[in-house]
Structure formats: structure tokens, C-alpha cells
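Next come two complexes built around chain A: one with chain B, the other with chain C.
Right after this comes the complex of A and B.
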């Protein structure tokens, strides 16, 4: 991408912002490392996440140039089978948002704004040489490439996500999208993706899912802190799958039993991405533990095991397609009435009484569904608190006061 | 693993049903599965044949139905119920030898990485009545022979076209049912139809799992009697997230379990109790097979993650 002329004032802002991102990352890392429950086994996750805030460095360090993806609809197994690493486009940095182009609307989803800042052309990252896979989930994601000026310049593969999950037509359309992604990855990667390679990748990810399910159990039994879980889940998108599995095994082996004194709550809503762990810290401060969540960057980052009928290419692709479409409860779907079932399921099973709904300002899909969920959950006698925030720190005191009041309503 | 256990049961029952007679095992003529009487030395016979026979089945004059001789018809039915009631549709996926033959054929396809033929929901819905039509015909044709002078070569109409008749005797080295019977027009038509259906079914069974089961009149008969069965297949509506794993993993792609949003009972007419859907369900205790109220097998996320990481 040709770099536009830049005035010295803007250049200073960019340098200053990069320093701020660095500081933000270091502060968050230090905050996590200073916790009593921190264990050395978390270091690799923290390192990968810190590196994720500097895409240029991340790409330089990678042996094979990664494909940048958004959301969870593009099946990771296909990238593995193509031998291509992935760089997840998700960012929780407040400082990075300062570098977002000026044409962004005032109330922009903070994650999109922050991502736009992260991919700022002045960062030295040659975006024209990068490859992107973008499933068309929410409006922000759909317009992302256009808003950031990537459209028409970078190699972008869009996956048109059907916003209906339960009819055959949309399933067929999404399967076509998955087949198209496979062809695109074959061109971008190391040649043809054979059914054997795809099956091996599925198996590899299924083993990772097995470990992830174990982590979820540990978190739900409050044997591991939610911050640890968030680090591990977030880092999944930036590490080689086998490296990630080794790190998780190492973590489970070294995990120290912790005292269970916090009130368990369910966290749902907009994604929580490193280094924006503000809400997780505040909830702990207010005496609550995220025993379970329904967040696409945390528990839902693994859409589940792939159940296939046979090992033919069609069956494997169909299984992947349906796992990432029908099984996904992203609020951007139109027929999403059964999303509440998953939430009730967790609440009943884990005997959780309180729900905290996290909405990032500008994250319209979650904002839209919050009212509906609140009504349904309150009708069943659950406590519900909606926290609308962004990546700023200024509202922390206000949030913690509300969280403490909410904690008191949950009883002992 | 349920799948391994089911395959083990199927193989044991196959050996018993096909070769058991030679070891002195006699299970009678009223079995609710495809143990074909054309297999010499089998352990028992399929009840569908009895249904079509004279004096013990529907090839009987109307006046007999109103006499004491009706017990000759009711007795095999009572024995059928005795076999059917405890296991219900579990007979299909766990015991039926013809079901196993279909699974073997599918296995060959899977070994060659050949994709399965997918039928749309509309096509599957259109196929559903066929098994009931066959059930009606296998009752009405024998009635017509006994009461309306239909030619006696129309006897055992379903057995004459059933693909089990030529295929199952193959396991005893008997190829003799692969032929055209030129005795008269009726026998020729039946034997020709049998060969066409068998050929079609073999192709269908290769490209589509449990292809024949979609047309099986035994399944229709079983479904009509499901109310008296202790086997229940239940779904917790409020915990299903609609992932669709159940529909995809079902050998006959039953969509009803996935789409059901009101009823608890999801034992549909095509269900054969293989429990593949329960194995593939990621929501804890959402799908459950029960037997006399006891939980036989229930879905669980940990089971799912364990199973599919080893597949």
C-alpha cells in the first residue's frame, strides 16, 4: 500500500500512541503477573498476547506469513490443514484506537477502532502483502476493510455468512462459503488440502478442544481464575495449535488449588480481548468470579468438536461448516432464539444466580439482544446486570460500585 | 463408547441370527427384524413373512377373522409383541442383521473416502409414506388372494421383492435368489422387480447410509406400536442450542430432533435407536434414551470431546 504523505504532528501522535500501547500491554502484564495466583506456566500465553499488539513484529517472527482472520466462523482446522498460521484480528487496546482513521463514526465499536489503529499503515506493516479472511458477521466487521482502506488493496477473502441457521438453504450457502475458503487457502498455502490432511487437522483441534473442555470444567468448579482462562483462550488465536496444547497441559499440571470465596456469576455479551481485562479485574474486586461465560473470545472461541459422518472431503467440510454456523450463537443471527437455552443450561448446571451482561459501546448486536435476554432471565428469577463500557479506564470506579451493589443482591 | 458397543451387539446378533439355527437356536417366526426365512439355518424368521402367510397371517378368508381360528393369527402377533415391547426400535440398530449389512456397505464407501449422497428434507419427507404403503400392501395383497381370487403367485408379495431375500442368503454361499423366475408372468414380474430393487438398494446403500431403512415396513409397524414401548427418546427443549449435530450424525438425517422446540418426545418414525445423535450432542443431558424410565444413555460435552478427539 502506498503510504500517504504524513505531517510531523501526526507522526508524533503515532509514535506516542505506540508507546502508549506498549505501556498498556506492560501494565496489564504486570498486573496479571503480580497476582498471588500467577504461575510461570502462563508466561507463553502472556508473551503471545503481548506480541499480538504489534502485528509487524508478530509477522516478522512467524516462519510462514499468517492469515489475518476475524470472528470465529472461519474454521481454524482449514487453516491448519493448509499449513497456514492465523493472526486473529481482535484487540483490546484503548491506545490503539487513537490511531484509527478519522472517518470512523463517533460511536464506533471499540474493538474495531482499536484494530484499525493496530493496522495503521504507518506502523510499517505492508498491508498489501497481507491476506485476510473476513466472515460477514456484524456491520462493523462487514465495513471494516472499507473503513480502514484495505478493500481493493489487500488480499481479502470474504465469507458471506447467512444470518439464518436453521434452514437448508442457508446451510448449503455456508457450505459453499467453506468450500470457497478451502480453495482460497489452497492457493494461498502449500497446495491442495487433502481429506487426510483435513482429518488430521480436525483431530489435532479435537484434542485441543478436549483440553479446552477440561479448562472450562476447572473454571466452572472455580479451580482456576477467570483471568487465567481469558489469557489461555485469547492466546489460542496467536499460537501454533500444538504449542498451545503443550502450554495448556503444562498449565493444568502446575495449577495450584485456589480458595473458592467469590460469588459465581455468568458473564455474557461483547468479546473481552487482551489487554482489556478491566471487567474481569473489577468483578474480582467486587467479590465475584466469572464461573462461566458465553463470550466468543472466551468459552465460545472453540465452537465445539467436529462430528463428521465419514472422512470424505464433503463430509468433513460439511461438519466444519455446520459446527461454525449452526452451533454458533453469535447475536448477529436472525433465528437465534435458542441462544438463551445455552445460557439457561449453564445457569442451571452450575447453579449460578447472577448474570453480568457486558456491552461494548457501539457493539450493536449485543446491545440489541440485551433487553430481550434481560426480560427472559429476570422472568426465571435470575439477577441481571448490564455493564455498558468501552476500553477507557475512567469509568472503573462507577462500574465497581455497581458491581458491588449487584454482588450484595446475590447473597452469600 | 456406545458406537463400539452397538457394533459389537450387531455382529454377535448377526452371527446368531444367520448361523444360529445350525447350533440349535430357534427364536420362532415372529422376530421384529430382518432375519430372512430364505437363509437356511437361520435362528428365527422375520415377522413380516408371517403377516403375509395363510392361516397365521393375512392370507386368510374374512370369516376366519370372526371365528376361533383368529387366534392362529393373534398368537404370532403376541409373540412378536413379546419380542418387540422390551427393545422396541433398538431391534433395528442393535440386532437387525440387514442393518449391519448396510453398515458394512457404507463402511466400504467410507474406506474409499467417497461422499455420502445427501437428500433434502423435502425428499426425505416424500419418502416417509413409502414404508406405510408397503405395510398396507403386504397386508391387503394376501387378503385379496384369500378373498378375491387373486392368483396365488402373488403370495408373500413383500418377501418376493425384499432385497434381504437375495442378499442375506449370500452369507451362506447361496446365490440362488439372484434369478428371474420364468414360470409365469407374475413370477417373472416379481423376480424381475426383486432384481431391480435389490440392484437399486445396493447402489443406494453404498451411497447413502441405511438407505433401505427409509423404506422398511417393519419400521413402520414398530412406529405404530411405539406407545406400548418402554423405550423413550427425550429431548430437553430448553437446553438445546440448535447446533444440528444430531441431524448430521443421524444415519437417516432425521431433522426433527434438531428442529423440535416444543415436544419432549423425539422418537420419530424413522428413528432406529442407534443413539448416534446422543453421542454427537454437545449439551449435557439434552438428549436421553430411556428404558422403563431408566437412563440408558445421555448426551454430554465431555463424552463428545473425548470421542471425537479419538476418531
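Right after this comes the complex of A and C.
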């Protein structure tokens, strides 16, 4: 992409924004490090997340240039098998949104807006040299490359996501998308992805999934704070898989026992991404622990286990396709009973009485599902609170009042 | 004697209550409402001192102090801190002897709709976010521009104008422009009441109103708003006496 002539005001805005992003990152890190439950084993996750807010530095530090991906539908195993690292396009920085291009609508999903700011062409990051994999999930993601001016300039591989899951035609179409992604990654990476390499990658990720399941167990038993869980889950997209696994093992080994005094709740809705842990902190302050969640940046980063009949390329790709399509409960799907059933299962299994629905302003799919879920959950006697917010701090007091009152409705 | 304090976003309300003995009801012996200013803690202490002097009591006579409202965490030396949603529910339950099942609170900077049980347990609630439209602050702005006290916001037989802006700031300029066009002040007032009622009705949706519906908070003194709300919500709405003190009083009754 040709670098436009730098306008002095824009240059100042860019410098100021970078300082603000740095401050947001440091503030969040300090908040975490000042907690009684902080342990040094969290540092590698914090470091990776801090670096993720400066993509240019992140890419410069990488041995192999990473592929930028959005959402969770592209199977990570394929990237690993291709020998390509990943940089997840997700951002929780409020300040970064200041650099989003002007053509973004006023009520834009804050994550998309801050992400667009993060990829500001004046940051020195030549986006035309980057490779992107974008599954067509929500409208914001679909339009992202066009709104940021990347479409037609950067190397973007779109994965057309069928928004129906429970039928054969959709499954076939999605399998074709997975096969197309494999071909694209072979061109982008280190040559052909052999079934052996793919199988090895699946095994490697299965080990990571096992560790992640252990973390979920710890969180659900309230032996691990939700903030720690968020750090580890968010950092997964910015670390080499083996490095991440080592860090998780180290974390589990060093985890301090904690007192279980908070009321367990289920957190569902829009993604929660570093450094925007506002809701997690406020919930804790109001006496609640996120014992379980149904959030694509937290518990749902792994859509599930991969089960395959044999080790042929077709069987492995089909298994990945099924896992990342059928098992995915993204709200953009038209047939989403699976998501609702999954939520009821968690509530029953974990004996949770309260649900907090987090909606980022402008995040339409979750907003659309909130009303339906509210009705169904309340009908079954669950307490439900919807918190619609964005990345600003100004509404914290209002949210605290609601959370404290909600906590009381859960009883002792 | 017990003291209930509501440190709201636009006003501080304090009530002094002497608990009733032998089945007699509790008695409010002193109360005050003051605009919120910086330094709430000192202001609250001054007001308490003022109350003690007025009723001829000393600080040693204070058995319990409860605080609620946005500034609840700023006030030191209180026995009990409680969120205003539960305090409000407890207050209205006490005042209505458990008849209220739905409560609409129009506060300084937010609106709450609370569903509650006979014993004052909150079962559900809705609250608007950080926008001042449809709140007490909105009425204050309008009263100021129209140079009319809120007590005179009751207008029955007049055709309302339509206030289109849902934002308090834009509504302000819309009111100024209507006045400049020579539109009758009371038509504007009725239009404002209707606009606020529409906003509250939108928050209520069609699911939360149940049983006897009450309204409180300072703006509940505006009979015009209550009528507009009844029109919008298609139900009778009752107002307790001095509705601005319900939350402060209720802070004393939360378990």
C-alpha cells in the first residue's frame, strides 16, 4: 500500500494514541500485578498481550511472518501444519479506536474500531505485505477489509462461512472452504501440508486443548480467578503453541489456592479482549466470579476436540471442518439451538443461578440473541442481567450499581 | 435514632428515623434534600449535624447510619452501604406495606424499573445506561430553559408539541428553537413529559410491569409526567408522598 503523505496533525494523533495504548496496557498489567492472587507465571501471557497491541513490533520480532486471522473458525492446526504463526485480529484498547479510518460508522463495534486503529497504515506496518484469513462471520468482520482499505490491496483469504450448520449442504461447503484454506496456506507457507504434518499438528493442539480443559475445570471450581483465565485464553492467539503449553503448565504448577467466597455466574455475549477487562474487574468487585463463560475470546477459543476416523488427508480435514463449524456456537448462525442448549447445560452442571450477558455496543449478533436468551432463561427461573457497554470507563459506576443489585438477587 | 442517606448524582437526601416501639410505625423526624456538590463526605456530615441540632439530639443518639446512591462509597463512618436498587425496593415496600410489585425510579441521571416481591426482594430490574435523556437532570435542564419550576410541569388540556430529540443536549436546543418560534410553553412542557414517558416505556418494554406500579424519585412529583407515563404504559401509576426520600429511607430497611 502506498504510504500517504503524513499530515502533521495525524502524526501527533498517532503518537498520542500509541502513548495511550501503552498506558492502557501498563495500567491493566499493574492492576493484575497488584492483586493478591498474582503469580509470576502470568508474566509471559501479559508480555505477549502487551506486544499484541503493537503489531509492527510483534511482526518484527517474529521469525516467520504471522498470518493475521479473525474469529475462531479457521482451524489453528492447519496454520501449525503449514509452519505459519498466527496473529489474532482482536483488540480491547479504547485508545486504538482513535486511529480508525473516518469512514467507520459512529456506532461501530468497539472491537472492530480499535482493531482498525491498531492496523493504522501510518504505524509503519506495510499491510500490503501481510496475509489475512477472514471467515465471513458477522457483518463487521465481513466489511472489515473494505472499511480499512485492505480489500484488493492485501493478500486476503476469505472463508465463506455457511450460516446454517445442521444440514449436509452447509457441511460440504464448509469442508470445501477448509480445503481451500489448506491450499492457500501451502502457497503462503513452507510448501505442501502432508497428512503426517497435519496429524502431528492436530495431536499437538489436542494436548493444548487438554490443558485448556484443565484450566476451565479450575475456573469452574473457583480455584482460578477469571482474570487469569482471560489472560491465558487471550494470549493463546499470540504465542507459539508449545511455548503457550509450557506457560500454562508452569501457571498450573504455581497457582496459589484461593478462597471461594464469590457468587458463581455465567458470563456470555460479546468477546472480552485484553486490555479491556473492565467487566471482569467490576464483577469481582461486586462479589461475583465468572465461574463459566460462553465467550469466543475465553472458553470458546477451542471449539472442541477433533475426532477423525483415519489419518487420511480427507478424514483429517473433514474432522477439522466439523469441529470448527458444527461445534462452533457463534451467534451469526441461523440455527443456534446448540448454543442455547450448551448454556443450559453449563448452568445445570455447574449449579449457577445467574447469567450476565455482555454486549458491546454495535455488536449486533449478540444483541439480537440477548432478548431471546433472556426470555428463555428467565422462564426457567435463572437471574439474568444484560450489560451493554463499550471500552470507555465512564459507565463503570452505573454498571457497578447494577452488578451489586444483581449479586443480591442471587442470594447467599 | 437511625439515619438513611442517599448520595445521588444530582441530590443528597437524608432522613432521620426514630424506630417505632410496641408495634408503632417508625417515625421520620427530620429530612433534607440538597444538590450534590464536590466534597460529598463533608457535606453529608454538615447536614447530619444540622439535623441533630434541629431535633435537639447529640451524635451519641445515632444507633445506625446507612448510605446508598452513586456516592455511597465516598461516605466514611457508616454502618451499612447498600446499592440504591435494593434500597429503593425496601423503601417502597415499607411505604406501601408491601403492595408495590413494580417500581419506576426516575433518578437524577438514570431511570430504573424494579420488580419486587411483597417483602421487598428484588426479582428483576432494568436500568438505563450513561445517558441523561429521560431523567431528573433532563427535567432540570428543561425547567431552566422554560423558566418554570417542576411543580408547574402539570398541564392537562393542551395539545403537546412533539419533542423529537431523544438526547438531552439536542432536546435542549429543540426546546429553545420551539420557544423562539412562539410555541406555547405548556405545549412544550407536555411534549417533554411525553418524550420522557416514551423513553421510560421503551426501557420497560412489554415484560417487566406487573401488579401495583409505583413511581418515585424527585421527578415523580411532576403529575404531568405521571399522566404521560400512564398513557404510555397503559396502567395506573401511584406516587408515594415525598417520593424523593424513598431510597434514603429504604437504605435503613435492607437486610
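The criterion applied here is as follows: the second predicted complex is superposed on the first by the 412 of 412 C-alpha atoms of A that agree within 3 Å, B and C clash if a C-alpha of one lies under 4 Å from a C-alpha of the other, contacts with A are read in each partner's own complex, and residues count from 1 in each chain.
Methods note: a contact is a pair of C-beta atoms (placed from the backbone, for glycine too) under 8 Å apart; a residue touches a chain by one contact, two chains touch by 3 or more.
Computed from a predicted model, the values in this text were never measured in an experiment.
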First (chain B), second (chain C), both or neither touched by A:243: neither
Chain B versus chain C as contact partner of A:338, first or second or both or neither: first
First, second, both or neither for A:405, with chain B first and chain C second: second
First (chain B), second (chain C), both or neither touched by A:327: first
First (chain B), second (chain C), both or neither touched by A:213: first
Touching partner for A:388 - first (chain B), second (chain C), both, neither: second
Chain B versus chain C as contact partner of A:311, first or second or both or neither: first
Contacts of A:378 with chain B and chain C, given as first, second, both or neither: second
Complex interface listing, chain B residues touching chain A: 106, 109-110, 113-116, 120-121, 209, 237-245, 248-249, 258-259, 261, 279-280, 282-284, 286, 301-302, 304-309, 311
Chain A residues within the chain B interface of the complex: 165-166, 168, 171, 195, 203, 206-207, 209-210, 213, 217, 304-315, 318-319, 322-323, 326-327, 329, 338-339, 341-342, 344-345, 348-349
Chain A-facing residues of chain C, complex: 70, 83-86, 110, 121-125, 127, 129-130, 207
Touching residues on chain A, where the partner in the complex is chain C: 375, 378, 383, 388-389, 394-395, 397-398, 401-402, 404-405, 408-409
